[in-house]
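Each of the next two complexes has chain A plus one more chain, namely chain B in the first and chain C in the second.
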Partner chain A sequence: MTYFADVAALARKDLLLELRSRDTLPAMLLFVVSALVVFHFALPSDASATASTGLLWIALLFTALLGLARAFVAEREQRVLDGLVLAPCDRSAIWLAKALGVLAFLGIAELVALPAYHVFFAPVGWELVAALALADLGLAAVGTLLAAMAAASRARELLLPLLFLPLVIPVVVGGVGATVADDPGRYLAFLGLYDVIFVILSWASFEYVVSE
Partner chain B sequence: MFLAAAAAGLLVAGLALALLWAPEDADQGFSQRIFYVHVPIALTAYACFAWGAWKALRLLWIRDARYDLESYTAVHMGVIFGVLTLVTGSIWAKISWGVWWTWSERQLVLFLVLFLFYCAYFMLRFSVESGPRRANLSAVYALFGVALIPVSFLAIRLAENFIHPVVFTRDGPQMSGSMLFVFSVCLAAMLALFASLYANELAGKRLDARLRELREALE
Partner chain C sequence: MIRARGLGRRFGAKRVLRDLDLDVPAGGFLLVTGPNGSGKSTFLALVAGLLAPTEGEIEVGVDRGGIGYLAHEPLVYRELTALENLDLYGRLYHVRERREQIGALLERFGLWEARHERVGAFSRGMEQRLALCRTLLHGPELLLLDEPYSGLDAGAVELVDALFAELADERTVLVASHDPERIRARASQELVLA
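== the complex of A and B ==
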């Protein structure tokens, strides 16, 4: 049980930090709404609702990237990560706590993005909400691990999108498919499969990313 | 040395068999013969990535630094074979379907995704100081690669309608015995080519690392 206590303490630290400094979340919210507005003008006026669905997914993907790029900034600048690695807790707890934080930010960003999308473009169905919930899990899991990798490199913010985008192509396929296809079940099952595989893989391999 | 000779011999034999001896495809005629180059290269690229991931797993498991270089070299070769797959596939698509690129070509799209993924592997490697940290990061990323291959394959299969000819089905390979023989020779040739390139490149990289150590010791 100490494992979950560690995770809760670490996640609480991240959320508290965000609550006090308001570094990341307002930027994500503003970004996702601005992106939707830009997409309205980027689409030809006779574009279908299907096209706008794709754009919603792109907007959310880049919003996630924005949040992920900030995820390890405090750890790196204040050298918190060294302390956490030395702390007597399982290293994967660090990943789990950070991923939960990212998941919370993404969820809040979507709470703003979905109504905006509903008003600006097309009605939001249950498939879209279900697909987003499943996709968020995968994005947060993979993204947190890759953000830790990018934070260890010299290129940092530059590297993260390069590592992140090829890995989340399946999420986009599954998410867009679930929203526009006649039988969303297949695509939702695929998103679930992606989550299972990559959550386990990220959880198991985080230790090697932060330790030497 | 033996490997290089075997690779050269098999390559010549495979190409000669594919061009001169293999039966002409009823549908596609002469252009179908690129099959004997394209598919073995693609399979070899998968083998490279799998080999790189296996070495990465060994590195994380046993923590022996030499696996880092072995994994890196295998991925490096995999990217080269992957690019060749994209090029030969593109040529075949142009001849068969009249376009250089089509999104309904499942294998080509998969290789494009893998190409992007493994290019990022190099970006990652070159922006981290060499040492155990870099070895760990590269190994974890290489392992994500082998998870990504089947997942992307499934994703692309879900998303598109295909025109890619399917030769290897659940009922076994759909080709005649002589075609299968030529195909096997070509596959063996490509694998031997990979093995000899791998051994060569690895020896070179090891020499490079050793030289750097000696130079640092001198300074």
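== the complex of A and C ==
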């Protein structure tokens, strides 16, 4: 129970920081809506549903990247991560709290993005919602780990997208597949498997990312 | 409490510490002196476990929850208030009677009135006093203090002096300072880094 109390304290702190600074979530919301508007005008009117689905996933992927780039800014600027790492709590609690924050921000961004997608492109089906829920888990897990790695690097603005985008290609494959295929179950299972593998890997390896 | 043998640390091609042998017993007070860039902060970070040695070895006889580490930066969130920062650390260190401990420290270091202000609005001296509160909150067995007088006014300097007098023989204390005269009389050992 102590572990979850630590996660709750850290997650509460992240929420409080965002409420005070308001520099991540508003940017994510503006970006995802702007991207969908641009795609709406860029895509020919007779474009297929597959194309518009692909563009939605691209918009959401870059929205996630925007949030992840700021995930460890507060810890990096004041070297607060050193203080957190020295605390006797399990270091994976830092990752889990941060990943929950990223997951919440992504969920809120999608609450805005899906109605916009419905207006500009096509109706939103249950397959898309299910695929997004599963994809968000994987994106938050992998992205938070990579954001912590990038935060320790001088070339963090370059490093994060260079590591993140190749690692989440399976999420795009699974997400688009679940939305356009006749049998979405296979793709949803694939996304679920990705989540299981990468949540465990990220949880277990965070300790080594924040230790020398 | 602390045992170092052949301890060294490089940052790329630059060697900051080399071939350091040292023993600090429990209850000891080690003063670490030397000019800027001599490796004082690196040595404390090695003891804290924030850095790993590139040569030799170091053993610290206390787990990380028993360490109080005062760094150059206060290691607190600027968007949070003093109270919120200490509450977070109190929870993570599982401090008993957290609220009472926090209140007592804020009173002692003259920050009680400013407890609801965001740290971003603090002066350098107030940040350092908050950092001292954070360092002491969980009653650490081993205190690692990097330039503890930095940014403090005369009143706060006396508070730190009183703190050292109180901690003498009770805790193991390592203090890094490039201006050691104020601390030297209390130290049981001195490490001079070149």
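Heads up, the rule we're going with is that the second predicted complex is superposed on the first by the 212 of 212 C-alpha atoms of A that agree within 3 Å, B and C clash if a C-alpha of one lies under 4 Å from a C-alpha of the other, contacts with A are read in each partner's own complex, and residues count from 1 in each chain.
By definition in this document, a contact is a pair of C-beta atoms (placed from the backbone, for glycine too) under 8 Å apart; a residue touches a chain by one contact, two chains touch by 3 or more.
What you see is a predicted model; the values in this text were computed from it and never measured.
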| item | value |
| --- | --- |
| First (chain B), second (chain C), both or neither touched by A:Ala133 | neither |
| First (chain B), second (chain C), both or neither touched by A:Leu17 | second |
| First, second, both or neither for A:Ser153, with chain B first and chain C second | first |
| First, second, both or neither for A:Ala27, with chain B first and chain C second | neither |
| Contacts of A:Val173 with chain B and chain C, given as first, second, both or neither | first |
| Contacts of A:Ala116 with chain B and chain C, given as first, second, both or neither | neither |
| Which superposed partner A:Cys89 touches (first chain B, second chain C, both, neither) | second |
| Contacts of A:Val80 with chain B and chain C, given as first, second, both or neither | second |
| Touching partner for A:Ala5 - first (chain B), second (chain C), both, neither | second |
| Overlap of the chain B and chain C footprints on chain A, listed as residue numbers | 211-212 |
| Residue ranges of chain C touching chain A (in the complex, touch as defined) | 48-52, 63-65, 67, 69, 71, 73-80, 84, 88-89, 91-94, 118, 134 |
| Residue ranges of chain A touching chain B (in the complex, touch as defined) | 142, 145, 149, 152-155, 159, 162-163, 165-167, 169-170, 173-174, 177, 186-187, 190, 193-194, 197-198, 201, 205, 208-209, 211-212 |
| Chain A residues touching chain C - in the complex, by the definition given at the top | 2, 5-6, 9-10, 13, 16-17, 20-21, 74, 77-80, 82-89, 211-212 |
| Chain A-touching residues of chain B, taken from the complex the two chains share | 60, 113-114, 116-117, 119-120, 123-124, 127-129, 131-133, 136-137, 139-141, 143-144, 147-148, 151-152, 154-156, 158-159 |
